[in-house]
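In what follows, a structure is listed as structure tokens, so that the remarks can point back to it.
Think of it as A, B, C, D, E and F in the order they're written, each chain with its own count starting at 1.
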């Protein structure tokens, strides 16, 4: 049972490199060259740098093409930051539960950190990554995550009875849209990230632990 | 074997309503009220009306919120219509193969029509809807659809070996991004459409048959 | 959003061949030579030709062996055309919903056409092919298709509670047999068709649109 | 480790009824009344009684309708007993491997007995029921069962490459048809049997042990 | 329908070897050499030989290392033979239902024999192997096997509502532990057995038929 | 993109309780009372307390019955700590990859911490939890985890070809046993933990970050 004790003690062989060693420089497996940033993008990247201390790698991955990057940022910021009946934490919880179903390394890392921070509870972030069913959730949260997960795993089977369950848990028509839109968005992002082996900024791992 | 003969002959009972009877008016199950269109949106809707004869229901579904609609249109038009190493037909084939894996009624109908039209072959559209593996495809097309389908069905298992297969079939790094981005986008749209019971414009069914 | 407009316009490269180009001549991937038709088969094929304008390819596929063809026709005609508590349309709806779960190109094409014709509604046929859960169905139809689909997808889990649901929806013991028998039959046919790459007669695609 | 020793010793409570107690009288959960047998059926049932000592319950289950019974018998006897490049044992091995994938109690029991008898090896029957991959098979047998199982479990994914593997293992075009037809047939029978809770004759359990 | 008649009649080719021919000598695919038995193990093996007539192959498989063998025996005997609210038969039914879900040849054979013996009903053993849902079970037994099977097939989805169903069927907290522990144990054993191609002693096949 | 900034700022509503608030006191959902510790167990618990600062909850969960606890500890310590061709880190990597496939909160938390510590790389632990396929692994590690994962997810399909792949990557017969045994053990533990809602000690979350 001494599994986490003085682990390194007897190690003679050279330490392996950290898994995150290149994650801030080799951002995807595609090697697409960044385009010249538009004024808006340049400003936005400066703001990220100021606020977060880094530019999220997903933005750098899209930066080979300004139109694609701007479309992504517009949709992302509207979905995750604009006013909604869902709190920012709830939206991040959906993001992580969906990414867990799809096992997306990038999104689990970046948005797991967001849940830890917004929830002011590192363990809540872990639970969203590992299995949201093991978390102590409100009825509202659980219903929302069950819907997002079913929509991720067997979308063809989602229908009126599922919407009715959301309504009964207090969600409005607009809330249902937002749950679907956030779950949908991460079903997109998970796939773009995995398809390109997108690596999360190394800073995420330490955030809000 | 006379399964499609004079079917209606002996029918006494009142005909059932067409499945598409309300699809041009009851666009989703959520009943969200359209917002006042921005100038850009109003112009875009007029252009759709002129070119297609109707405004695609997905746009009307997003029209309860101009920011969401504009973000969706910007991303959609960039992905499906902007210059790319993938032809427009190839992008639509991905759209339909992904929507088939997810069994999305809206997207199969709207983009199935697009494949019929762009491919100048109604049967190609049917095959993308039913099972792309039964189609007579070029090696390039088949490799592309296999990647998009794996990314849809088991995204966690996509890795370097899958990208290598694409490269070997002649796809560039940018092409791989575009395949992933289109497959990702329809994994989003399929889920927003199914979650809201979005109905396709009835006109799609007759297009390019 | 102009996805189905003047698609062919700028095409310089030679048009690809229609997917159905060979479907009326190269019927399976096995190349089995037709046997000399029995009198009964010869008469039946003439009748098909008269009524449908063609002999369904599935019959031509079985025609390498008269005993096999006659057994297939006897079972098919009894199941789909003989008196039953299920209407012919209902039986065809089961055929297509099962074939959709199994993604069988031949059966989706041939029986999708039958649903369009018997239902006097092209869109009903599309819905059975794409996702029957998105159709506007009576309780009876939905219960019947849910049973047929569960029996197709996880047959080991079908039991008394599923039969009870059918009975509650008004189905008799004999009706339950017929639902099971039709669903079972297409689980057979789907597999024979896919295993041999059976191609549907090209005429089906245009029927009852 | 004494798991199969003097098991009954200390049992005071009344013995439970044998699982097969009613299996020779309550044949399905539907309770359909037998129709008057046609002359051909009456003769066939007498022959079964003489040769096997009983009429297989599947025949009694179909006996509510002579047309259905005769069609079933014609197809069954052609497939399983008529000349074929596949031996009778091979056809029964396919029957059981398919029924194992579908977990069909009736077919596993009746055709498991057939494999034990035809293979002159009780353990071969057990292996087909439990997991054919654990059996010591010839390359030919293994290839045949892999094809039948894939066709059962993910029919949509079967294509030319799978047929090529069969051909490489020495199977002719006609053999491929027969493998597909037998696998297809049991995918039908498994579902009819499970949907109606068809019980196997109790005699099967003791045969060829 | 004469499938189990005089099967061997026309066979000219040399009989194939029994599937179990080597199962008492070649116990796994790994060929690990037995270690010198500890005194406790030697005594235990003698007891097995006396009571069962053989040493179960699983014990011989672990016998390359006394510590591993003793740990396995201690856990096995406690779980399957020590006092519990579950009868020995119930524990063996769980063992076989779990092994059926995992299709483990070794455990289905050895513990299928145990169910036949303890249940004093060969058919009960067959049913646990083939599909426990087809057996005539008490509510208590069915609830227990449903839980064990869900825990095997989708462990991530087991939660309070599943425990509540067990409690409602009369199981105590300790009973729930025991169901979970037995189901868990065979999820381990099934995998060790399959990973090493462990063969069951040939004697099991004939026991309690 | 400011997802992890000053999250708590505008929060008026009372903070939610930490997810781990009760995890050190309410260890399972079963509420089984600890038995009087045997001398060996009492000594072992003291050793845990000294070395780790706490007694792992899994041990406290088994402590309602000394025989069960001792059997568990004996097997666990042999598997994870005794000499083996697999390093302790490799064994822990298997533990976490298996637990990730099964989505077990307890084991992912406790053994994720072990991988972080033994690997001297927090990110390696995260990757084992999230998706080992995204990690930078040696051929040996990857082959080992692929085997363990296949054995977890589709045990019935593991066979000689899979063992051959391990051998080719340099694993001995004994190593193969150890990989199977560790993977098997966590397939057991995952299920006992999930079935009882076992909670990990809160200390694990902060270890080796």
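The definition used in the following text is that contacts are C-beta pairs under 8 Å (C-beta built on N, C-alpha and C of every residue); 3 or more make two chains touch, one makes a residue touch a chain.
None of the values given here were measured: they were computed from a predicted structure.
The set of chains touching chain D and also touching chain E is given as C, F. The fewest steps needed to get from chain B to chain F, moving only between touching chains, is 1.
Taking each chain's centre as the mean of its C-alpha atoms, chain A lies 50 Å from chain D.
A straight line joining the Cα centres of chain B and chain D is 43 Å long. Each chain gets a centre from the mean of its Cα atoms; for chain A and chain F, those two points are 24 Å apart.
Counting partners per residue, chain C has 103-104, 131, 134, 156, 159, 194, 197 as the residues that reach two or more other chains.
Taken pairwise by the contact criterion, the protein chains fit none of the simple patterns, being neither a path, a ring, a star nor fully connected. Pairwise, the chains that touch each other are A-B, A-C, A-E, A-F, B-C, B-D, B-F, C-D, C-E, D-E, D-F, E-F. Within the complex formed with chain A, the residues of chain F that make contact are 1-5, 7-8, 15-20, 44, 48, 51-52, 56, 59, 73, 76-77, 80-81, 88-89, 92, 100, 103-105, 108-111, 113-114, 116-124, 126-127, 129-131, 134-136, 194, 197, 202, 205-209. On chain C, the positions that touch chain D within their shared complex are 29-32, 64, 67-68, 70-72, 74-75, 78, 82, 102-104, 147, 151-152, 155-156, 158-160, 162-163, 173-174, 176-177, 179-181, 183-185, 187-192, 194-197.
Interface residues of chain D facing chain F in the complex, by the touch rule stated above, are 131, 133-134. Residues 156-157, 159 of chain B are the ones touching chain F in the complex.
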